[in-house]
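Got some structures for you, see below.
Common to both upcoming complexes is chain A, partnered first by chain B, then by chain C.
Then we have the complex of A and B:
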């Protein structure tokens, strides 16, 4: 097609393409330096590749160092970070769970959902409503599984009718689902607390023990990341990706695509439930403004976009990037909260237009090239 | 009881007329470019704030034009903003549906944050184009003149649009493009110009809806959400891309919501529309008049 719009739409890709080529040439020159470093590190990576590479995919020495370095950095944060940083990292851990949960459904199948804040919000509300309406003494061992199950139920409720639709229709319906859920809060205010929400959820963030509390958020995040990575790198992940690329081909191969889409929605409901419960326990309560509004879904999407949709670890990085930018970096300039988010939206827009793959996927492939020839 | 029914009939008609304005702009952009413009609600808010800035001297500088002039300028400004959104952003990325609608969401939120930063979260005092209200003794209700103005304007603009897309060559090329982009190109239609005109028209519709909504409801940084959600529901029920479907569905949803408010309760407003929406999706996934002439 040689329409004018066809030509103009090429401009953005040409600009990013040119930048990519210039960057690529620089990368290739750097390889002479980084190649030997990579060869030194390669034996370490090979140990990993032989042991568990089959589950997560293989990597070269530089990539191995990045992953291990990040992991060590995350695990030791309480020992070198200050209070504000730890607070931000706790928030980032929760949001990373939500962004990864969104990614396994929307990022992988290409069915973009704006409704995921209903899943996390539903789980948070279930926890608060159990404590508020049923019995304030309910132990977490009861409330947490019930809340995650509630997220699953809500997920099924949204997925069954909406996944009959394709593309934009699906996104519209999930968007509407959030607004309806939000509006239900007021008529049911006897149970939900209406606009003000409910308080009284046990806070598991203890100010006097920031170190211990930090791990209560970090470890579930890492567990979710590992679990989702295993699924994403398995044949199931492959089918979900195939649905994104060409759904009729999947159907033609004798695979029921709708079934897999519903499964992916279910699969993403579980991390959404975990994230929602953690969010409720962090704030010590729930309210519609910080749990359900569609902005929450869009923030998850923004994190996934920044990191790279359809990669699980990308959204994880994106969540830390956005939260740390918002709470630490832009905060340091003393900007108003509205202005901070405005800047972040501009960053996300730029990434959408010029780096559709996402920052962390670019970094990952950059390291692959820096490692030089593997053989 | 009779009073209530009459009041539902009257209020429903004026509310639906505004819904129709919002939904038509949204559906036209989808029909022509296949672009889901989630910033459409943002454009409505842009129109409302443009009107506030222009007409009340207390907001920005000492600009204060008469309300009627402010109305016209705000509508033109919104149309231009809509065109700028297309020419400055959407044009370059419309080949990828997902990237496009994610980008328009980001634009909507960016606008929300900027307006919140500049004007604060509190509702703005908006001077009416026409103040006062019509008291209808027989019906036991009163309707603001703004609502009546909205109703009249809505039908005038819908009529003009109908004339434009069915009777003029320029307009027919818009209709042709929404039926089949390739077919339109083969007959010599300039796609870029068709799309630009569509975004201008959609922006103007959003501007009119924005000024009217801004005067009858509070003008706040969150005001874009409900009109956008209603537009979604209406457009899906009417069939994405169909102007006729949008008008029919706008009246369906407008009356349904008015009926719910009057007889069931304000808090349940969205629920019956959702039930209708789900029913339509399950029975007629394409909507009432979904893409009736379209060739994929």
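Then we have the complex of A and C:
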């Protein structure tokens, strides 16, 4: 008996449940073709399963090929993608960090935060304000850690009072936090630059070196993904999911749910800080519209929802899906930005109604079924 | 020595006095039945002990340690566990996952740990659901969901187990089976308090019965004494049979 896989596939079967039933029969017929393919690939996956599967969860052959293929695609993009695609993938990398950061807290515990842009915005602003108000010569070695710590500080400030509450109060508090932060920009314009924000942050995107620049965004994203996956697939992730499902059962298990909720917010604040800093260095500055407004928080949520909340890799995929849809696919139809986003929001709505588990989770469990029974 | 001492416990909800100056003790190795008509405050007493409700007045001690103001997880970690009246498994986790959750350390830096598969099997086997480990809770029959609740409580390695209406919704055969299993826990040295609103399932099981009526202590004694007790008869006549 393998209870780890047993449990995860158990969750899988439930989650893919209702919505999957319709396409289920067709999928099962396909298995006669894909099953043997999976069996050929399985030995490769088994090497992974044996070595590090315990940390990230086990895969079948098809899933393994999807992950490795995606990874190779991401790592080699500068060699086959055009300039527009690389630009979009840089943006997607940053947003993937934010969406995954949101997910380890809101997606896992079910305490939905509408205020995560305060954390990323706080980090971005810390970077810009250090350069603007303290010393323009400050090296990134100083500004980046300080900015991430600032996000952590803001995170604690929100989490400590609010996570003791349950129900909708937590969400409302996070929402109000964004509004306060946003409205503080003008009164403090001497330091924050007000409506126009602050410029002068060193751009790490070098137009003459698009390849090199790309990795400065991709590699931190992959590092965040690996770190969050390790946490999410550990006891901590299990407890956070249990909090979402049934908080009183967690307490009855002798586990301090409040402590874990606050911890999840802190675990979330670090990637939010990293994402915010990267965003500041990509734009070369900060402004309230691109960093703080509540739309930013909602966009992170949209990415997580599209990909599949509570899975880390789902929000990663969701971020790439939404950004590539907006910047590449819908752009190719010549639609203007407003219309592109309107269409994206409709897609988000449809996913919320018809595929609440998210596209990438559906894909993942689809591959599991296509692989046939491996036990 | 008393494992659990509840002293002058009072619990008010606004103007309503649910438990009124109630005291009782449980000795090591005992099975105590806590009975009373519906609404007499039995579950409220359990909720106060488990730190789910704040106590209005009085004190609760466990192994001499004051746990009156402890929160639920602290109480559990001191060795007290409760099987609640409502089953609340986590539906997205298998039976094994549900049991495992109850063995995880209360540590935010512990990535691994908790019971091994063999240990989970052992907990399940103690209440005879070891064949259901890979099932999802909503696929189990009612009696097995109730057993899962007991397995979860066992997984916290309690010294004292509080069982809140463990026989509710079970048929006669299932009640007999569960009573035998509870009997086995006693042989393993576990102390227990069993709440029920009637004495049926408790008669042959408990050493001593404490009767609660309208939040207040009414009587205590052996099951036989309680069955004969006039005050108890009267309290139940107002509601339902003993």
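FYI, the second predicted complex is superposed on the first by the 354 of 375 C-alpha atoms of A that agree within 3 Å, B and C clash if a C-alpha of one lies under 4 Å from a C-alpha of the other, contacts with A are read in each partner's own complex, and residues count from 1 in each chain.
In this text, a residue touches a chain if its C-beta (ideal position, glycine included) is under 8 Å from a C-beta of that chain, and two chains touch if they have at least 3 such contacts.
Note that the coordinates shown come from a computational prediction; the quantities given were computed from them, not determined experimentally.
Asker: By the touch definition at the top of the document, which applies to A:241: first (chain B), second (chain C), both, or neither?
Answerer: second
Asker: In the superposed model, which partner reaches more residues of chain A, chain B or chain C?
Answerer: Ranking chain B and chain C by residues of chain A touched puts B first.
Asker: Applying the document's definition of touch, where does A:270 land relative to chain B and chain C: first, second, both, or neither?
Answerer: It touches nothing on chain B or chain C.
Asker: Should A:171 be classified as contacting the first partner (chain B), the second (chain C), both, or neither?
Answerer: Touch status of A:171: first partner only.
Asker: Report for A:151: first if it touches chain B alone, second if chain C alone, otherwise both or neither.
Answerer: neither
Asker: Regarding the shared-chain residue A:256, is it in contact with chain B (first), chain C (second), both, or neither?
Answerer: After superposing on A, A:256 lies in contact with chain C but is clear of chain B.
Asker: Classify the contacts of A:230 with the two partner chains as first (chain B alone), second (chain C alone), both, or neither.
Answerer: second
Asker: Per the definitions at the top, what is the overlap between the chain A residues touching chain B and those touching chain C?
Answerer: In chain A, positions 1, 3, 6, 11 sit in both the chain B and chain C interfaces.
Asker: In the complex of these two chains, what residues of chain B are touching chain A?
Answerer: Residue list for chain B touching chain A: 30, 36, 38, 89, 91-99, 101-103, 105-107, 109-110, 113-114, 116-117, 181-182, 185, 190-192, 195, 225-226, 229, 232-233, 235-236, 240, 265, 267-271, 274, 277-278, 281-282, 285.
Asker: Mind pulling up the chain C residues that touch chain A in the complex?
Answerer: 50, 52, 71-73, 76-77, 81-82, 84, 88-94, 96-97, 100-102, 104-106, 108, 110-114, 117, 120-121, 133-134, 136, 152-153, 156
Asker: Report the residues of chain A in contact with chain C in the complex, numbered from low to high.
Answerer: Answer in residue numbers: 1-3, 6-7, 10-11, 13-15, 230-231, 234-236, 238-239, 241-242, 245-246, 248-257, 259-260, 263.
Asker: Considering the complex alone, what residue numbers of chain A touch chain B?
Answerer: 1, 3-6, 8-9, 11-12, 110, 112, 114, 161-162, 164-165, 167-169, 171-173, 175-176, 179-180, 183-184, 186-187, 294-295, 298, 301-302, 305, 336, 338-339, 341-342, 345-346, 348-349, 352-353, 356
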